[in-house]
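Two complexes come next, and they have one chain in common, chain A, joined by chain B in the first and chain C in the second.
So, the complex of A and B:
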């Protein structure tokens, strides 16, 4: 598969194109830019928390705005567009169709992202990525809050359009010779996550509008002063966003399904179990949303129901881990950079899941909820699993996109530093949570254990920061000056067999 | 490896190790769930005669009202060995009432009263904090719990 960046073209030709690889490239560049922007905010947060007392960020309001935009950016402007980039490049090729089903819709879905990103960054809201009422209604300063609401609204529509496109491309446009049981697991991951989007997103889309009219004072859905109920918002929010975490993680697992068998030079251990686990996860994922709300005063019965719903989703995730390990077991593994990221990602995925089981057990959640434990927990997913899988895949597609090879040594240095940093940051945050440090705080009392752990976390974050700078340098340098590759086997795995999607879609 | 042999090995027909593994995971989840259910049931049972303390969160401090009507702001004095039931609410936005050392955590939500109980076992001081984001001074919405010897 040759993805055409080799022949230089004027930028506007790519920008106005509706061809799937061009839209994919736009998604790729946008999402990577937001990764670095959001990451810079994380480093500011960590510098501030290195010691008690105000450090580099003068006041609490600025701090609150920074972590809000950090979270919003990395979830909605990095993870999701990155998955769309990969889907755009590979799904049509994998189902052997000339493009996405609706190329214009595809371009429109992409072009909604930059204005949404601008609204979020120019507004710089402070109400956390939950935008919980009544704070978000009566206390959060506008116009930042309103801009955030519009930004998210646009991103929601963009994801729904993208999801429709993937579902139709995979189900309706796949080559007639190809049965659904032959569609590669990466494409299955897009099918599953797109179906989740279509069911989950409308709920939050409605909640956002209600939030907006509440802010304008014309309604009081979530405003207790007008007889509304803030808990209703929490349900609507998590009904969308618990399933959404699977939307984030499933494509990353799909990317690992591409990388791991290939670099183990062995087919996947069980294709069927991979498909089964994706489909199962996308259904069971809807039964657990209120595990985020144990401490809102739910009854014992409600809590029990959602605990059971949460634990029920665990076997499906565990099946993926098994599948990966079983694939590598007797493989002739080549630890090139993409493989290192994928394997590291699986290890962190496993730890993240183990911590999640502890959160789900209701009595334990009262210790961990809204402490740094939770910050550590979800970052093992968003950073440890999803960003690792995505970055691994980025290295993997780099030679196909640019026709040149990245610097392998620098890729490995990037991985080792990020892996060490991730463990330092997010494992330590779990312990810090057990010591009671709440999340989303600008400053903390000088408790010796808290100080020590915050310093470890900050050092870890700086290590990740340096490794990301190396990454950026490597990508810029190598895309211009890297060694030209043999596009049939850039990773020297030997044998065409390992690249089954040897095909190219011409521009139309 | 020959095509046929490989199909048998990888095709998912003979992957009994996976079934065993999935069985173990399911068993583990059942155990975690049962244990959690049982503990939570016991923990939520409020002892009879627990003294009521009304807790109100507002930007950015805690107010406590005892049964006898005395009020405290930012400090809470209780006696060792007694059981207390907190009735928690908020005036403006959501907060979360937290005494980490005693695993007391319950959201304070305007328009609702949530309850949680505890029985301090030792004399001492403990931190009270807010664990739900509530705006500008959320980070410093702190207080102190004083556990004292019974008075009589």
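So, the complex of A and C:
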């Protein structure tokens, strides 16, 4: 099997390579595979909720398993590995170094992902991606729950190893002629998100160990029957996973910082404000975790602090949006597929952020807590911003990786259908939440408004599903039969840029 | 750069101060459930009105600039950076 058409090689040479572009390619294929697997589960969830009563999934336990694995897969096995793919491929080139700082560690970090994915998929746990205690301790059936915990543990180690590699590569291995103020914003996004990982992940690593020993009956940290407190787990979990939101979104914004100036034919409006906003987001990401827990009986002062901490992310996010708008202003924009995804991603990022502001206001949070509003809100971020930025960048790097161009018309069809589908699904879910529909339910009462809105959501999901099938077909066909491109300028934009295929360092 | 940071600091303050005002809508006294519900929904609609106005301005600007600055627009001209070949 040939993967890189520029320099055809058997697949085993790529699999056992430690070269950064090879490891990046492995990350890319793995993450895209999990995108389709996790997406298939989403379609099953939506088909089930098309009407009240059991439809295609037999029982609530199976439904719980499906949405648990759906969330776990798309967050930990698609978004994070995809960002690693882009970082591996481009960061060493951007900082003008021959490889990642620790190539073998890099390969090890990648090879932790397939076994972790296997543990999650073969176990098929049912306790949500949050591993809700005390259910996860007392009643969640093993070995599925234990396999999930081990899978997440492995993924956490993989993330930390990857983060160390990015930080060292960017800070210590950049070319001596290059100051930190000249590092491209995509590399800055990896530096910021890697630092967040290094601070945030150890807390969840500890929480997972405590969860496991609780399940074994050795301890009772989160078990009320043994004097423990499930809310303590919530604090530990969200201390990691609210900053993790920024770990997911910052690289996607970094990808947009590559695409938008390139296709607008103008440099980024304000490099410094981009860097400032990344750093600010990395810091304020740690000041907002408890906004997930307003309803758990926190004191008024605590809630106020976390509400203000959450709102502190608004200016940093707005700086990115205005930076993009100012960059496009007076440009000569080519709306090739990557640019369409990036611009669509900005629009949805703004919408998601507006919903987040409403959600962060404490009194409103009580109204929307644990309803479909929350589902709509975070999916608008995860799909509308992060996946849009990532898929746009996938199209952008496709000709560099394969030496061939994808079908542009199919790419645009993919975008238009996904954009419409995303709006139908996630905007409607906000309204559904205001109508009071709780999240994570297998069945619902036959309230006419709920039925109508669930049907709109399901139709939107199916539109996204069809668009993803078009995407898959386009990528497979184009990687083998696509039109060969001039790798110096595959999008015919002109200008000088760094070209991955031209790097001087040989494969080793 | 300083002016941009200053601008965003002002914007941040403009967002945070009214938000702190919203916090007090929750109240701490028991027995006012219905009143608080009204207050909360009132806040929700006010906040949504602000969000929709700002969203409309930003989205409208984006849509207009996508239309105006596309390369196929009759008035489109090469950017100064294209002549230098570096951006």
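Quick note on the criterion: the second predicted complex is superposed on the first by the 494 of 508 C-alpha atoms of A that agree within 3 Å, B and C clash if a C-alpha of one lies under 4 Å from a C-alpha of the other, contacts with A are read in each partner's own complex, and residues count from 1 in each chain.
The criterion applied here is as follows: a contact is a pair of C-beta atoms (placed from the backbone, for glycine too) under 8 Å apart; a residue touches a chain by one contact, two chains touch by 3 or more.
Predicted model only: the values in this text are computed from it and were never measured.
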When chain B and chain C are modelled together on chain A, clash or fit: clash
Message: One more residue to check, A:264. First (chain B), second (chain C), both or neither?
response: second
- request: Figure out whether A:445 sits in contact with chain B (first) or chain C (second), or with both, or with neither.
  value: first
Message: Is A:311 touching anything from chain B or chain C once the two structures are fitted on A? First, second, both or neither.
response: both
Message: Taking the superposition on A as described, I'd like to know which of chain B and chain C A:351 touches: first, second, both or neither.
response: second
Query: What is the contact status of A:43 with respect to chain B (first) and chain C (second): first, second, both, or neither?
result: neither
Message: On the A-aligned overlay, A:134 touches which partner chain: chain B = first, chain C = second, or both, or neither?
response: first
Query: Regarding the shared-chain residue A:273, is it in contact with chain B (first), chain C (second), both, or neither?
result: both
Message: Output check: A:332 vs chain B and chain C. Expected answer is one of first, second, both, neither. What do you get?
response: second
- request: Kindly classify A:371 by the partners it touches after superposition: chain B alone (first), chain C alone (second), both, or neither?
  value: first
Query: Touching chain B and also chain C: which chain A residues?
result: 267, 270, 272-273, 300, 303-304, 307-308, 311-312, 314-315, 318-319, 357, 360-364, 366-367
- line: Touching chain A in the complex, chain C uses residues 1, 4-5, 8-9, 11-12, 15-16, 19-20, 22-23, 25-26, 28, 36, 39-41, 43-44, 47-48, 51, 54-55, 58-59, 61-62, 65-66, 69-71, 76-79, 81-82, 85-87
Task: Please give the residue numbers of chain B that touch chain A in the complex, ascending.
output: 6, 10-12, 15, 17-18, 21-22, 25-26, 29, 32-33, 35-37, 39-41, 43-44, 59, 92-94, 96, 98, 100-101, 103, 105-107, 109-112, 114-115, 127, 129-140, 142
Message: Which residues of chain A touch chain B once you look at their complex with the stated criterion?
response: 60-61, 64, 126-128, 130, 132, 134-135, 138-140, 224-225, 229-231, 267-273, 295-297, 300, 303-304, 307-308, 311-312, 314-315, 318-319, 322-323, 326, 357, 360-364, 366-367, 369-371, 436, 438-445
- prompt: Which chain A residues qualify as touching chain C in the complex?
  reply: 261-262, 264-267, 270, 272-273, 276, 300, 303-304, 307-308, 311-312, 314-315, 318-319, 321, 325, 328-335, 343, 346-347, 350-351, 354-355, 357-358, 360-364, 366-367, 494-496
